[in-house]
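Order as written gives the chain letters A, B, C and D; numbering starts at 1 within each chain.
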Amino acid sequence: MKGIGTPVLVINFKNYEEVFDSGAVELAKAAQKIQKELDVAIVVCPPNPCLAEVSKHVHVPVFAQHVDLAKPGSSTGAIVPEVVKSIGAKGSLINHSERRLWASEDIKSRVDRLKSIGLISLACAQTPEEVSEIAKFGPEWLAVEPPELIGSGKAVSKVKPQIVTNSVVACRKANPNVKLLCGAGIVTGEDVAAAVKLGAKGVLVASGIVKAKNWIKVIEELAVPLA
Amino acid sequence: MKGIGTPVLVINFKNYEEVFDSGAVELAKAAQKIQKELDVAIVVCPPNPCLAEVSKHVHVPVFAQHVDLAKPGSSTGAIVPEVVKSIGAKGSLINHSERRLWASEDIKSRVDRLKSIGLISLACAQTPEEVSEIAKFGPEWLAVEPPELIGSGKAVSKVKPQIVTNSVVACRKANPNVKLLCGAGIVTGEDVAAAVKLGAKGVLVASGIVKAKNWIKVIEELAVPLA
Amino acid sequence: MKGIGTPVLVINFKNYEEVFDSGAVELAKAAQKIQKELDVAIVVCPPNPCLAEVSKHVHVPVFAQHVDLAKPGSSTGAIVPEVVKSIGAKGSLINHSERRLWASEDIKSRVDRLKSIGLISLACAQTPEEVSEIAKFGPEWLAVEPPELIGSGKAVSKVKPQIVTNSVVACRKANPNVKLLCGAGIVTGEDVAAAVKLGAKGVLVASGIVKAKNWIKVIEELAVPLA
Amino acid sequence: MKGIGTPVLVINFKNYEEVFDSGAVELAKAAQKIQKELDVAIVVCPPNPCLAEVSKHVHVPVFAQHVDLAKPGSSTGAIVPEVVKSIGAKGSLINHSERRLWASEDIKSRVDRLKSIGLISLACAQTPEEVSEIAKFGPEWLAVEPPELIGSGKAVSKVKPQIVTNSVVACRKANPNVKLLCGAGIVTGEDVAAAVKLGAKGVLVASGIVKAKNWIKVIEELAVPLA
């Protein structure tokens, strides 16, 4: 096991019906099975209400899908980073295109807060320009995802390779410590291999895995090029 | 067991450090123990990241502390009511004073959405005037909590009984199907008994229980007047 | 003058530096000049802090860029629809891709609220699928804007005509009373003409106009195909 | 004229119907009249859609009721600090109890941003404890307002003088450069005099002025103790 090394396969469960009920735990277990078999880094991002439960059931790193900035204590309803950590999660997505933050300060504040308590930030960007801006805040990982390809089944690494290449360059220039991932439309092992060839340190996948009929099979297919 | 009957003791865990790690499950188990012993209705509201885990461990009804309106599917980061239901929770707080919604439409939309999928709404109000307005939206429960008494240790039912009485009247007039609870500053069984005497159908308690040294003892004390 | 008829040219000023200081009023006056000369429908959407001022200076219809749901009265900081109306504005953008609302209820509530006080809704969608969903809420206008083309200088009507065609069909099917506009990347009169040919009842333009050196000239160019 | 010196009378127009139409400008002019006559510092906070218009009509300093953190440019719908400055406003309320920010980072980010562009921050707190916390962020002014007294007609300086005294002490201890104001329920000159006697450097007033029948008369009455 490489810990949370790279290249990494990050699985965003979103709030798909496929992970309702006990689905989130089952999908995380499928990920764990492949992680062990292939010795490849995999991160799972279950719906936030499932964070503690999934963390208890698997050893693969669990990330929140979003965190608020509210403090522990009197902050009813907030997703507090310290709570997220205490129940075993290892990090959080930030600024996913379905949970865009309206200001760069909102992203920076979250990266700083997570870092200060030992959690990992996986920030999201929609364009190479945003990669440049957000990389400066120093998240451990930064995923570029063109929104029009999300859920499309057309992989960014195949149909818009220039966006990945430009993002890799922009990221290295802005902050060489940040690892650039890519996402959107990734459904096959070939898509993943193409992403790695373009310089990405991993991929962020949602519907391509969550909506597949055989979770173990598709995770394996996507993980092989990263092993 | 009365199910979620009334009078009811609702415990809001907020994001207090006392419920970090396995604390949320332990506190829920303490609540369950007293529920069984006294045959009194108790609801627990753990931090949202603990919802699935707590629901798996206890039979007392579990409520979310807040829900978003986003739909199942591509709604990364949102607390989706359908997810909350699928993992075993029975309802949600709405409009808590630490998560105030800025418009009455935002409250009504959540009550409607929860009702449409069979979840229970526990809306919060700060004044008798707000009780009148929100009761019209038809939440199952409505808790009046003067914000200045929250966490104060001075019980609304003792130091501002008029607010409870006026809220009971306002609620009955606006919508007799809504059950009026009260909260803020409640720490003793006497405070609970006073609330019931004023016409409240239950109490909403947070720090008075969560920050107590002996959870079982304090829950018992507060539950006895409701049994 | 056609009032707010169609086809319409809607100019979103965003918060570009070009409309700082007295820029918002000047741009609105340029729009008014062309509106009079060509007898074409034009709507201006200045930054929200400029709404009252711009409304006082021009006769072209003024729209807010966003409205909150908060009520008149004790709602410090909110953009209240009734205030927007009282100072002379005629409607509002809703759900612009830079101010996405997270749930369809949030869009529907705003359409209903604006309609109830006689203001016009111009809702935004990113895809034909979203057009189908949002059209059912009955906004007067609905603009489809693929986010990846916004500010790109590559017109949706030229590089992705299928999106416009599909949106026109989707809109008609979902709610024939809703007028479908399109936007993103529109910078020339040819782009506008292409949009109209595809069935759009108007266009939503931002940087293509706001960042142009000669406002009057570019507005005229874009308005001619609509006259 | 003392510029924005202290003691200061800050008038929050909220979104009361009394300032609909041309009401915001008229109320600002009434404030200006008294400012000139008594040579006392007065700040007006009109509804955000009226910011540019009010700024053009009066010389009294104009503050926004709330600002977002979004940057100039592609930030449709946001209240951008740089826009607020460009149209002549001098500062902004932050964290008013009707527009509470959920995290201290959200307050600090706004204070920093406003300061960086030469705008004045008037942050709000609900308790002496919050005064201690927020004062450290260095807003020019900090107003303590117990929420239960807002709009009550019972002045904080009369019915809860201890809150003002404790806040003055907490503020001085946390950051002696921050000027402590108080608000909530202030309706008479006596209320203002009491606030000053308790050590406040000014008052924040809303309904007490906005809902008065004779604006000039009530502003004069409240301003006299500050002259």
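The rule is simple: a residue touches a chain if its C-beta (ideal position, glycine included) is under 8 Å from a C-beta of that chain, and two chains touch if they have at least 3 such contacts.
Source: prediction; values computed, not measured.
Enquirer: More C-beta contacts across A-C or across C-D?
Expert: C-D
Enquirer: What is the chain whose Cα centre is as far as it gets from that of chain C?
Expert: In terms of C-alpha centroids, the chain at the greatest distance from chain C is B.
Enquirer: Between copies chain B and chain C, are the contact residues mostly the same numbers or mostly different, with half as the line?
Expert: same
Enquirer: Can you check how far apart chain C and chain D are, centre to centre, with Cα atoms defining each centre and the answer in Å?
Expert: Roughly 34 Å separates the two chain centres.
Enquirer: Could you work out how far the Cα centre of chain B sits from that of chain C, in whole Å?
Expert: 42
Enquirer: For chain A and chain C, let me know how many angstrom lie between their CA-based centres, rounded off.
Expert: Roughly 34 Å separates the two chain centres.
Enquirer: Identify all positions of chain D at which a residue touches two or more other chains, and write them in rising order.
Expert: 70-71, 75, 78, 99, 102 - these are the residues of chain D that touch more than one other chain.
Enquirer: Using the touch rule from the top, collect the residues of chain A that touch chain C in their complex.
Expert: That would be residues 99-100, 102, 126, 146-148 of chain A.
Enquirer: Flag every residue of chain A that touches chain B in the complex, lowest number first.
Expert: 12, 14-17, 20-21, 24, 45, 47-54, 56, 64-66, 70-80, 82-84, 86-87, 89, 93, 96-99, 150-151, 206-207
Enquirer: Spell out the part of chain B that touches chain C in their complex, as residue ranges.
Expert: 68-71, 75, 78, 102-106, 109, 113
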